[in-house]
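You will see two complexes here that share chain A, one where it goes with chain B and one where it goes with chain C.
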Partner chain A sequence: MKYRLEFCDVISKDNMGGGSSIFTKQELDDYQELTYFTKKEIHHVYKRFKSLAPNPEAVTKATKLSRDELYALPEIKVNPFKDRIVRVFSSSGDDSMTFEDFLDMMSVFCDHAPLAIKIEYAFRIYDFDEDDSLGREDLRKLIDRLTGEMKLGESDMEQLIQAVIEESDLDNDDGLSFAEFEHKMTKNPEFVTSFRIRM
Partner chain B sequence: MNRNRVSPFGENPPPYYSYGEEVEKFDDYYDDALNSVVSGENIPTKKNPIIDNVNDSVLRRRRSRRSARKLRRHQQLLEGESNEPDVIVDDDDEDDDEDDLRTRIEQKKGPGHWTPFLHERRAKLLQKEIKQSSGCCGGSNTNRQNWRKFKIWKKEMSYKLEPWGSWLKNVEGHQGTGVVSYFVFLRWLFFLNLVIFILMLLFVTIPYVAFSNNGYTYVVTGSGVSGMSVASEQTCSPLYQVNVSSDAKTLIQDFLQGSGWMEKTAMFYGFYDSQDLNSFVAGHYSLPLAYLLTSLVILLFSLITMARYTMQSFRENLEDQNEKHQYCNRVFGGWDFALSEEGTAVLKHRSLYKDLAGELAEQRHHEARKNMSSNDKCRLYTIRFFINFMVICILGGSGYLIYWVTDWVTSFLADPNYKTNNDAIVVLLVEFLPSLTITALNGIVPLIFGIVVKAENYTPEFTIKITLIRTVFLRLASLAVLIATIYRIVSCTDKETTCNVGQNACDSLRCWETYVGQNFFKLIVLDFLVKVGVTLGYELPRKILTTKCDAAICKKIGLAEFDIPKNVLDIVYTQTLCWLGFFYAPLIPALATISMFVLFYLKYLSAMYNTNPPEIPYKASKSNNFFMIVLMIAFFLCCLPVGYTMVKLTPSYGCGPFRIYSYMTVCVDATISNFPSWLQTIIGIFTSGSFIIILLVLLSLIIYYTSSKSGARAKMIVMLKEQMIMEGKDKQFLLNRIYELTGEKPGAKKKDNKRPPSNGPRNGPPPSAVKTVNEVHQNGNVSKDNDLTPVDDVPEVVPYNDPDDSTRKTAETAFKREVTPVDWDQVPGDENTNRTTSTVTATNVAFDF
Partner chain C sequence: MAGYGNGYGPSGQGQDIPMQDRSHFNPAYRDDSLQRDRVAVDMEGIRMEERRGSDGSREYCPEGSTRRRWAATAEPRDTADLINALPSRQLEQIASGVAAKESIRRRKSSRRSIHGTLRAARGKDANEVADSFTRNDDYMDELDGEARTTETLRRMVLPMHDKLSIKRTTSETRKQMTLKRGQTHKKIGWWKRTKYSIGISWMHFKHRMAEFAYSLELWRSHMKKIEGHFGTGVTSYFLFLKWLFLLNIPVFTLTLGFVVVPQILYRYNIKVPSGYGFSVNETSVSFTGEELLTGGNWFNNTELYYGFYTDQVIEIPVNSTTSYNMKYAYLFTCGGYYILCLITLAISISQSYKMNYIEGSGTHTFYNVSRVFCGWDYNITDKAAARLKHKSFYNEMKEYLSGSKKKSHKKNMEERCKLLFLRVLTNLLILGSIAGLSYLVFWISGSGTLKGSVYILSDLALSLCVSAIFLVFPPIFSKIAQFEKYEEPKNELYINMIRTMLLKTCVLGILVYFWFTDTAKDKYSCWETAVGSEIYRLVLVDFFFILGATFFLEFLRRICGQYCCNKGNEEQEGQAMGPEFDIGRNTLDLIYSQALCWLGTFYSPLLSLVMMVKLFIIFYVKMVSVLQNCQPSLRPWRAAKSHTIFMGFLFFFFLMAMVAVAVGVIIIEPSKVCGPFRGEEKAYSIVTNLIDSWKGDLKVLHDIINFISSPGSIASILVALCVGTYYMRIVMIGHKEMVTLLRQQLHMEGRDKAYLLRMLQDVSQKKKEKLGPSNVNRLLSPTSNSTLEAGQRTAAERKRATVA
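So, the complex of A and B:
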């Protein structure tokens, strides 16, 4: 309900022409070009960004939201990979996000982002140790986070990791490189529907 | 951060010093291979660029000290611009290190190829724009800008026109993507029905209501057409009368069952006339022709939209049936990023856990099941046989019940005094009895199927499938029985000659098309009422019970689950009724549209407040295909009776737009007979048997051609996959060679699971051990290695393809798979090589490898 109201707010603002007060025209055009959003959606993203801050009125584009503030976004809050998402999209590398980072994140997760982009970011999110390969440890962490409080038994876990690697590892290096991950994900019709946050 | 592409060699880098090129080539190679897998083109004849380039790439590449994060900043602005080779090297990158080859080669997009952050992309965009604006081509620029604006506008419009977008978002956050796919499907069906309704309204109902008629002119009678008689129409039409009661209760009753006053409304077939209408355009509008063509267009339109909707996802699934993805898909696509409710997230965790654990247990038990003792096997198969037999019996019994009830009801209603003899409620009940029977069976029998399937001990996935298939069978079979029963009544042979109305044992139906329409009308109404009833009368009380009552038993009942397959089958069923009924009751699509519309909100209510997400992870795409296939089967089932009616059955003489024809298709003959004779000849040729046969032969040839082509492509896919695996091995081999020569253990990576974090190359040779080309050149220190051809003189620029490169040859041979001479595991020298010799070895590799 809350978001819908905000959305209406944005619409009315947009209609009155007041929406451009936050961004310059140039900025909006650029954002539109560089993300998968329309102008209106960019405003909407901005509203959401603002709403996360403890003091929404003081928010500007340059404001950095800390990790804990970002966790207030409902989709992030329940996400088992929230720390990774925040890390991957934070341009300063300290888990905080400026509006541009936030916009980038929402753009990757939006409906209209192409599969290739989604796969790339998924790979980076799942790559916990950031060694550009999904090794056994990464998979273990990934599965642990998926199942939440219930943990798979050790033998189950080993079996599962082995099965995943067997399915996907083409070059026998005991882990998934990006190419292998991409190859698998393009064949996964579920992925594109599950890896998204609707605006 | 430096964007000027400065190489450590100063302004003019040596030509071979190309930072991104090999990766780029590798990219292209990979792309080509993958593309040709998809498009089925020939295997790329290019040589493997890794092997070609590995000699001049390996040691010249610079290992970067930058972390993965920092590397990103040097990447191409946007994805899709990667074909512009980026030769970016940092100033601060000293010559001391080499690129992490393994990482870069292994990945299509190395760490350096990640999409940069938004503000970096923007900075680049700004730079580009400045460049562009200073350029000459102003005209094309504005054109392009306009085009861009138009595209953006189009995009915005399409977003705006997406109805119920925010509703879907809410559902997604609450229930996950599986349930949303149901809503998307529902929305799609809503629009399909809306279009069908609008077509019917525009071309049949509105013209008939709005235009005055010209009587039976040549437009409808044609000239010299057989099977056309206006005379019998004139005697029979007045005989078709409907009793319109003024009693309020009966009026409502008539509304629900489509009889009485409803029977003579635009809703039903009998309302329309076969006269020529006085339209604005040409002064003539042949209603029979319009009715027939609109119906055909609707069927065709439904088929095309369905095919489009199905094929989009179907292709994906078909592409790769042989390969196994089950675990990968579960693990990497398992979490639903759209979830936003804490409770749902907990449920999702639980569901994922159950799914994974279940699948693993299943895999383990699979072997056990294979080794089951023959005794157990025998028992299991006996049980399965009996249950299947039982299912068939249940289906047969249901069919017979529907047949018997419909038959009985028709004979009950055939008694002219049934209304006076019986109470109104009884009449209503009897009228609705066939529909009630079908709806009740649809509700109860699937429950039985759900129970008996447990004894059959199938895999969980197959259990869902077989239960669904049985349910679908029941639904379609019950409709088929209904159609068959109606057909028996309609095609009853004992008919009076003047008006072709049944007599004696046959039921006297003055307008049998309307009778058929009424049956489907009642089914749709009842189906709708049941759906409303289940949501409000079953799910809602259960919700109230769970939330308001604190007793343990109430908690145990819990919320109902959102049963996606059942719900989807429900709407497929409604759609089937719509397709079956629209020809006999042209405004049934309106009912279906309303039904879908209301259902959307009802189900929204149920999804948001009354139910929990399904526990079994629901594979939206796969099941969608299944439902679309069911929809397709239902569609063809619907086409059969409608088509048969058009071509083979004699329409009622007393009602409907085809009352003057002996067959409905005669109206087409009548229209053609009014065409000029040359056109008639052409049409005659195109509709003649010989032409149709030629067409059929042609079509079968095309089918044969495409199927053999797809077979060839399937083979190609297998080949390419093998090739990909071989390439992976090549790479592995080459890397091992490199590490052997540079003095690092190739197996180190496998043993060492805990790799250092990203700030630093993962597994390359240590910086000190490797020298840059410059240094090597200065040293000129070249030694021999027993594997490699000695090179005396150090070339300034290493040739791109070294013809004497033994390693490359070996690798290429392996690549071509003529022989496999290389033992991949036995790469010599990893133990013996030490750090002190590695410098020398490195130089050697630089020239010989």
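So, the complex of A and C:
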């Protein structure tokens, strides 16, 4: 492994010159105002997007990346929720993302995004059956995915789900609504540090 | 408080709500999960089961009611329709329109709308959202409307191209409305216009600053690599290192600008004597390599140490009227950077505490939820690290489950006594060893008997001894702590950290005491320079020990693991056994180094530069070592909480260092032959002289300062602070009680809702059977069953009242 003495990113290799012709000034301003990125970060995100496409030279703003191409992104590849992430952020609902969807996704995961937006998207990602509440089945799938290859026994799983619901369910409807989820996550400082992908 | 407790019983701190009150309130109340027809009158007649509430309180609820969903027996389609017809669901869709309006008025204040983001996306398309924007005057305002629209849009949960189209639609509508308004001659005042242009230029400035900060960000790609392999725990160490590095930059800049550069200019102007390399007695001393290690001899008369600085009033250029008083400059720069560090540390520790302790505490630690919903670290990019993370999560869950299963058996008296005796013994042992080591350090610094034939080593003897103590004894302490059998591993970790810090504080305290007392001062003519060079040596030896520890503990352990234990490894899927990166020990080492730097900067102004170079090199060394040698840990590391604790330690050490330097300035007499304060009685007396000199010209200022520093006013400020703290505490206790009450109320509301919905379901089932399948749709419309709807509405209204 080579370690370059990188003091500033100005002298680094990802120079901003090449990407500026892709976006008009108006588009870049719009993107900057509607996401939590600076202009340079937007160019960087575009570069990452291009690198995922099978034919990087032919990539335009309207290119759609299919699900398998998106799975090649290193942060998503090892993520146990990768199918949910791609489904939630895909605006057309068919697991394919345009550049704008990709930018949206990276913006939500970045450092500067406020906690409220992260919680909203986390709720959607973890809501496997998309019924606007995290019920027992959702929690079961969540824990299952998190344990990876080793599986918890049935009684253990039941006990865990019961413990989670007892702790967070305030109105006793056997599941977590968005308000309850938000309430718990705002009080939990580990959430922000874990729900983050740095570009 | 009125209106919240109606009909729900006076239970202030009680956690069980008597069943009598419920039936008294509503005789038709039936909890039919019990499948009883009789009204439940007294508590004894119902089998209660214990339910642990979300705040750790215990509640007694009718058996079975906690688990069954009210909708378990109904058809799914009816259930879904029923839920969507609820006013609270429709409220969300209305709220996205209303909250858009409300959020403008509340934009300046920090209150949020009902949900943090505007959950407008559910069920609405882009055109409807754009309409709700255009209907709102605040968004259509000529000047601010654009900014407000984009700000609100940014926070909304919508796909990007929807947001873009809404933005364009609204801006077109805004232009048309502006034109229309312009025709009716509604002019905007010049004040509003200037406010707007100032706001725009401020926003542009902020954007440009953000871009600049992004391009300058230090070490970003390296952090990303570490994060991808190891997750947030190890990254927190490197972030802490970077933060310390950035903290030292303004300290160094201040000393360079106000102290070092004037000194250099002064010597350049005076030209007596030229160059370096002479000692006090005007004999020449040459520069040999070993000065870098010992920090003495040649370095004694350079800008590195306090003793070299002049006490004159510098005139630059020579013989002009602008004078620069070196005494004031030195003292006030020192005060300046201490105050800067104090403010920075206070702000970060209060932010960290607020985030991690106050918001996260409530009445119960949220262990379950945090482990499950934050169980995955999205930063991980490496497959091996991902596998380890899965394993670590599995182990955590197993540990939690086994912990909750085993009832904490009450220790009987004998076991408790034994444990207490053991703990007292170990604590005495540790405190005794700390005292012994402190005396050892005192003896070494006092006696000159360690001068051997190797010249360097005798100078370095003290530093080597101190660093060796810090290397060897903390692991011994942690081994002793294992005998104490703490129940939770995190308690053991905290105890170990506290003991290590206590050891370091004691040793440093003894050293400082030794330097400031007469025994040291008799030996040297210029004691401040001696102190400065001693601290330089401590910093340097500490640096070498860190490098050595990295090499031996991490590199060699990996080599041993790879080549010695080869046979065992083949079974483990080819995973290399390696050491884990000890985050706690390494961070405590960093804190100690920084404390040394703060202690020594007054006596050696360029020490902050040495510290910066040291931190820079340590970053790269540690990064290479971690990536090559270490494995990610199986045990989870609570980065957020530990960050608060480390900041606490850092702050504590900073306060100790500041107190030590303050004692040196205010009480100890400066040496007579060197330094900016030679000849003064105490270094602080220049400040008192300055204030006294204002008695003539600036009498007002003098009187004000005398008044503020008088004992009476200081005492009254302290009393006011205590009263303020007490008030805050009372408010906090009141809030906690409020939270408990509201939680109970929410719980009751949920049960109300379940009960009402069950009744509705029963009625609609009966009607469906009567009417037949063709008229099913009519049943579920909100206009039928008006009485039940009224009941629903009151329940929903009460819910809204509690949420708002």
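We take it that the second predicted complex is superposed on the first by the 180 of 199 C-alpha atoms of A that agree within 3 Å, B and C clash if a C-alpha of one lies under 4 Å from a C-alpha of the other, contacts with A are read in each partner's own complex, and residues count from 1 in each chain.
Criterion: a residue touches a chain if its C-beta (ideal position, glycine included) is under 8 Å from a C-beta of that chain, and two chains touch if they have at least 3 such contacts.
This one's a predicted model, so the numbers in the text were calculated from it and none came from an experiment.
**Q** Just to be sure I read the superposition right, which of the two partners does A:187 touch: chain B = first, chain C = second, or both, or neither?
**A** Both partners.
**Q** Going by the contact rule set out at the top, does A:137 touch chain B (first), chain C (second), both, or neither?
**A** A:137 contacts chain B only, not chain C.
**Q** Given the touch rule stated above, what does A:115 touch, chain B (first), chain C (second), both, or neither?
**A** Only chain C is touched by A:115; chain B is not.
**Q** I'd like to know which partner A:71 touches here: chain B for first, chain C for second, both or neither.
**A** Neither partner.
**Q** Check chain A for residues that touch chain B in one structure and chain C in the other, and list them.
**A** On chain A, the residues that contact chain B in one structure and chain C in the other are 3, 7, 30, 32-35, 38-41, 74-75, 77-81, 91, 98, 100-101, 103-104, 109, 114, 116-117, 120, 122, 126, 132, 139, 142-143, 146-150, 152, 156, 159-160, 163-164, 167-168, 170-174, 178-179, 181-182, 184-185, 187-191, 193-198.
**Q** Taking the complex as given, what residues does chain A use to touch chain C?
**A** Against chain C, chain A makes touches at 1, 3, 5-10, 12, 30, 32-36, 38-41, 74-75, 77-81, 91, 98, 100-101, 103-104, 109, 114-117, 119-122, 126, 132, 139, 142-143, 146-150, 152, 156, 159-160, 163-164, 166-174, 178-179, 181-182, 184-191, 193-198.
**Q** Please give the residue numbers of chain B that touch chain A in the complex, ascending.
**A** Per the touch definition, chain B meets chain A at residues 30, 34, 68-69, 78-79, 103, 106-111, 114-115, 117-122, 125-126, 148, 152, 155-156, 159, 165-166, 168-169, 172-173, 177, 181, 313, 316-317, 319-320, 323-329, 331-342, 344-346, 349-350, 352-353, 356-357, 360, 363-364, 619-622, 724-725, 727-729, 731-732, 749-750, 753-758, 762.
**Q** Using the touch definition from the top, list the residues of chain A that touch chain B in their complex.
**A** Residues 3-4, 7, 30-35, 38-41, 74-75, 77-81, 91, 93, 98, 100-101, 103-104, 107, 109, 112, 114, 116-117, 120, 122, 124, 126, 129-133, 135-137, 139, 142-143, 146-150, 152, 156, 159-160, 163-164, 167-168, 170-174, 177-179, 181-185, 187-191, 193-199 of chain A touch chain B in their complex.
**Q** Hey, which residues of chain C end up touching chain A in the complex?
**A** 51-54, 66-70, 112, 115-117, 119, 122, 150, 153-155, 157, 159-164, 167, 207, 210-211, 214-224, 227-228, 232, 355-356, 359-360, 362, 364, 366, 368-370, 372-383, 385-387, 390-391, 393-394, 397-398, 400-401, 404, 620, 623-624, 627-628, 638-641, 743, 746-747, 749-751, 753-754, 803
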